[in-house]
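Down below are the structures I want you to see.
In the two complexes that follow, chain A is the common piece, with chain B as its partner first and chain C second.
Right after this comes the complex of A and B.
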């Protein structure tokens, strides 16, 4: 080993000596010192790979000694330990960061004074169960999909080979919940030693700052250490490409696959290429929203590696949504069944998103709770509450916003609609609108604000996006677009004194 | 009446402090306030995760509402001991990197030392998520995220921060409540579909009351009146200061330095009755009402109105110990004044002549763009026949033209004929004034020679 290290050291040394001789900089000498002092301290509590422990410290230890001989500026070195002394926060935070990266510090959040007690109220229990986060042990209405993923994973784990699967569907249709439920039940089986053991890793595209961080996350879940992505990639590549006896199967769940696709698509390629290697024993389940993502976004070679094992989650229809909500409510009598049906029908007509249905139901329980507090008696959630919750969470508020505008703002909106009708084009010019504004104001007997003030009105309406305006730099030539329909404006201003 | 100087001073200070700093007391929007209060309280006490958007036009009191709710909840031990409040502002935290650093520091996580956060962006995100994941509903503190200027967070890359916050709120992790505050009504359409699905669709709209002029007059009186002894005593009884340990977060500036009427202000009862009677009389005065009505018709929101009152109160001193009808009228006049006309009225005669020439050009050619040569020719025709403006050199006129350009009364066109390659005499410009504004300014300039005034009326010479 020593013979390998020597030439490298010579090169480094000669560089430094040259720089110092020219008198250009001595800062390099300073930079070297932490290398000397830190590994000594950190080596005890931190497991470093043997490669690193072998060489670099020895170089670092020798270098300053050599330098001192050739360099007359000895005081620099003497001053060093004292200069490192006063700045206490750096070593503290640096060592802390090191501990975090090595996985020695467990991330945690501050704990509260006393643990939360569960509500005793029927409505409170219902509300807690209706929260999206409380996922039931068995997902209703997804039995078929569950079986399909289960069969796929179970057979792959049994055979000890690798494979890919692609799961798609619009948000809120139970993709991730079903997949994790499958894996949980498989883990249960492997704990009972009915199927072979396997590792489970999950990454989510949206939780990464860039696609390549996927390597870091995978590696961290395997070993607990945080490395730079290049290192993590090399180690992962080594792990999956080399043969190792007694390797267990790894199941990798990749959520939000479309975010991992950059222009080069190297990350997705690697993630889908590893399962094809016989040494890897990697099963990849990918989840995304669009059904035709492989054909639309991925390169041919990647789509080919993704294979044709695909599964699509359909949006829930109203019966399924009803069943989901009722399943969560078993045992409580907080809900009127008609009320649940109304929610299910309304949501199924818009998106078929289970999260939305649950959130609306939860809001309805809150409204019922308010009422029961007011009247001091038990209230079950009925149609009235659900209707109110639906109005709050689905309806848009444009009409009401127009109604609550000031008189001049309403007049200005009307001027914009008048200008749109006059010219026949959607986009109009501030000057034209101002002319209409003046005419309308004269008609209603109001003194019109000057252009500066009218522009301020325009900017205010633009800030709440009733209008879409250009920036103020264009002044009186700015283009204005109506962001609400003209019918909405007329409907809102019907009752107003302006007409 | 003899008035003590000190009384006027304290009155001015008191009202100014109330207009500027009184963010804790909040009127109106009872149901909306109750909704937010319940939500935050349930997050803190029951460990429920929620997300909510607070929407309303600028200046209607969104931030004030949140501040008042916090000022009410923070003194309770059950609240401030069980919650961490994280305040993020879209204008300050312009990307997810900064927002994450700030959030980590405010939550005082392990990788933050004395408010400094270490590690890269990716590490910070991973660490924050691990921390939240390690927590659970029953044991860990609730975190309240206040995202002001929420619409700006939507423009961050991939909406990573929003996705992760909403995702935590929808999964069994540490209890968090995400409160977004924005003026954009269509903000939900800015969210990506997976972020939108994770958002709970709770939107609380703050609409200013429709057509409520009496309410505005009432507000005028309320904001200017001084508290009587009795009211002060009642305020004292209900006022609970926010304890020091609840304010450990440096970034949460909202609830700092809240207005506290008890500490500094002492008035003699006689002065208070006198002052309040005077304000009541003002609120009933028809002239004052007209001014207020004009302001109300233009802008119905409370925030800008408070700023106007501030201007009114600023004028109080020993010579003018009370607010007079005249000062309110003056305020109304300055409120409606056209700043551009005032600007034009302050220009030199030559510059006004150029503006008049531009006006004639625009009238004739229906607001076609012009360059310096065109304007100079038009002006030259007038100057030759006029007796006062004859010997003005071309370079002087060009300087005047450039001065107008610097004042942004005219702007160069972008695109064809307006590029920087064109010589400045030939660069095309547009006039940023209406014809009415120019005529008004000409009328306002008393010293203008009659010839020029006549030329302004018609382009015929």
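Right after this comes the complex of A and C.
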């Protein structure tokens, strides 16, 4: 059987092969051709066992049968077509893994049969352009920073010597986008042979399982082979410490530098020590969020090697945010300019994050799109939609949650606020709260739940993070802290009959 | 981690003798079976030799990382020519302003060589004072080349503390059967017992080897006291008192105690001399007037005395001059533009002027809500009695301020993002102010706002 209905989402390095080493091309149907030497291996790769296929899943769920010769597996859902022909797990055959590690096979994912058709109206175009992932060709409002990074890299590549640079700024201020744009333009120049050639490598601290995997990633991008980190480090060290004629400059971009700092800080030390050697010709650009990271986190010897080329990206102000959004919307008349200004002002007052502004605009277009589909007429994005989107994004969920709590939970919250106002301390223990709870319940003529029930109520409120409470083991002596401000509680409970 | 007592030391020596006996028999037989394929071509990266083989291949002098090139501070037109000539070799020839320490080191090593004994040495000093560069010179010192066997190991490059033995034995080219830490250690100690050339073992960044019981450091620093060791051990680190602090038990025996040499931070005059010698090497001294150099050196010497910084700033200045050259189109050497004092001041302020740049940055793009947050924090600090402030408390104050000013107050979750804290219990988290109040008020630069909020004691409530 072949499944044609749903596109599969699993990524397989092995079954889909662009170019095998022996030149054989594997078709799209995912016919796993078993090796003649290992016929039993291919059979093992079948994810389901023939024994259990006929059995209805309910029985399997009630009485899980553990067979000795195989590990127990959850029964397959019936709705899914059974994969008798193609196997859906990555084969563990050693030769395949070898090919993957040596870089002969390239990873590939399923593609659609045909591209998705999209109605080409103004709103759809605007929505596509406002997506965070679509980076414009030129970044507005970042010309100064662009020039600074460009000058640094160009002079270093031209001189053929190494160096370090540290770029910092709060999230969403265009650090990585600017740096990659600089490197793109430099690569263009080196293709035109105006400046010397250079290799470009990038690693991201958040994509590594542990700091030392950085060596593996760097080596893989240099040669295409995957090795263990120790081997990769030794080879890199040899490469950078020995003299070689005709060595080209290497530009290394290290994103999220603070993740690479472990206790010994050996990875950061090595990455910043190589540029100081005359043989390496390595230029390292590091990116992080905090301005004073080298002084706060790194050892003295590493901060000394990092040097003093620092660049700080400031948060965007509202004019710049407006310019960024308008630059993306050139040529479409989907947006009201006042609406853009409102978004820019709101975001600039809080954080100055460009991603946030783009997301809010995108949400506003979606809301306008819904309205246009309902009414069947063209709608431009106006202040109303933006207000709605802002309310969704910067909504206070806590008040809503308190309003939708059960009566007893609301009463309990009130009891906590009363206890806080009585004692004047933010932290109160369960005993005092329960006393208030009893009093409040007596006022409203409700029978009081016993302490066990009240603790269950308290635990529920703690799970939804309206309260912060200790574990229930301390029983009546556990500490309780209100996680919302007292005004919020009063405001939310005004409508209820309790007050 | 195994603990080494004296008893185990003795037993391990006995064990080493056995090892020695074994080494004469088994490994040879084994080697006859294993053909060692020596790869001549260094640049061929297709063949990936395992670390062991590559270590075995490089017999003789280890390839040492060369120190920071002198090219750092010359202007780039000459840089690319002299860089091709390889100015690093000239640097090995002489290091200005480190002659005294160099002579000390040479006499120390010569003494040890004359006696045919061994000695240990510990070199300390803040980063960027030329410790590694000086040792590179010692390793390449002419008279020593025939008599010594240099081994240079940077301790940041090892996987874990215990694998240092493996690294040393690989550097010495020992053949080791087995793979445990103890076996490698035994092999090294056996090698020291046999007849060999004097080994000069340089451990850079030696503070990386410290562990809970310091077994490794102790065992390494004990080697020179052995009868036939003939080992010169040199440790390099930043801390002045590393040997006293970590290796207290070495004080008990005088022959174990390492000789200590300190590298002091560079003074102003020394930095000037170094920069001058760098610039003379490329005949670009005309670009730097004397007072500009003096100003630069004074600033660097007063803060850290780190030569890396001085070279870096000088380089930055020359790059700036070069850019101006390009603008004016003057490439003739007669009309060179010199570095002006103004430029030096500007660069120094960029690098060292924390508060000034901070205030410049902050009044440009500083979101309003963040301003209010900092103001409310200062208000609480000024009038509140206890100095530890939770986020929840701060948020309440902030809300009341916002209500008074008719501003839209942000929600608590948003507020925590503003504080950019990532703790488990956000409302209980403490907030501290990292700067001075004067600095903040200078930075906020919005005097009216600050004054109105600072006088607003009523917002504190309760």
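In this text, the second predicted complex is superposed on the first by the 404 of 499 C-alpha atoms of A that agree within 3 Å, B and C clash if a C-alpha of one lies under 4 Å from a C-alpha of the other, contacts with A are read in each partner's own complex, and residues count from 1 in each chain.
Here is the rule we go by: a contact is a pair of C-beta atoms (placed from the backbone, for glycine too) under 8 Å apart; a residue touches a chain by one contact, two chains touch by 3 or more.
Keep in mind that what you see is a predicted model, and the values were worked out from it rather than measured.
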item: Side-by-side fit of chain B and chain C on chain A, or clash; value: fit
item: Greater residue coverage of chain A in the superposed arrangement, chain B or chain C; value: B
item: Chain B versus chain C as contact partner of A:398, first or second or both or neither; value: both
item: Which superposed partner A:483 touches (first chain B, second chain C, both, neither); value: both
item: Partner chain in contact with A:278 - chain B first, chain C second, else both or neither; value: second
item: First, second, both or neither for A:363, with chain B first and chain C second; value: first
item: Touching partner for A:406 - first (chain B), second (chain C), both, neither; value: first
item: Touched partner set for A:383, first chain B, second chain C, both or neither; value: neither
item: Which of chain B and chain C A:217 touches, first, second, both or neither; value: first
item: Per-pair minimum CA distance [chain C against chain B, superposed on A] in Å; value: 6
item: Chain B and chain C contact sites that coincide on chain A, given as residue numbers; value: 170, 351, 394, 396-398, 483
item: Touch list for chain A against partner chain B, complex; value: 89, 92-94, 96-97, 100-101, 105-113, 115-116, 119, 124, 127-128, 131-135, 170-172, 206-210, 213, 216-217, 220, 226, 256, 259, 289, 351, 353, 355-356, 359-360, 362-363, 366, 370, 392-394, 396-398, 400-401, 403-408, 431, 434, 446, 449-453, 457, 460, 463-466, 475-477, 483, 497
item: Complex interface listing, chain A residues touching chain C; value: 151, 155, 158-161, 170, 223, 225, 227, 230-231, 233-235, 237-238, 241-242, 244, 264, 266, 269-270, 273, 276-279, 300-301, 303-305, 307-309, 312, 314-317, 320, 348-352, 394-398, 424, 426, 468, 481-485, 487
item: For the chain C and chain A complex, residues of the former touching the latter; value: 42-43, 45, 48, 50-51, 54, 63-66, 68-69, 71-72, 76, 79-80, 83, 86, 88, 126-128, 156-157, 159, 205, 208, 238, 304, 306, 308-309, 312-313, 316, 319, 322-323, 351, 361, 364-369, 390, 392-393, 395-396, 399, 410-414, 417-418, 420, 425, 427-428, 462
item: Chain A contact footprint on chain B (complex, rising order); value: 34, 38, 45-49, 55, 57-58, 81-82, 84, 96, 107-111, 113-114, 116, 118-119, 121-123, 125-127, 129-132, 134-135, 137-143, 158, 160, 163-164, 167, 170-174, 183-186, 193-194, 196-198, 200-203, 205, 207-211, 296-301, 336, 338-341, 367, 408, 411, 430, 432-434, 437
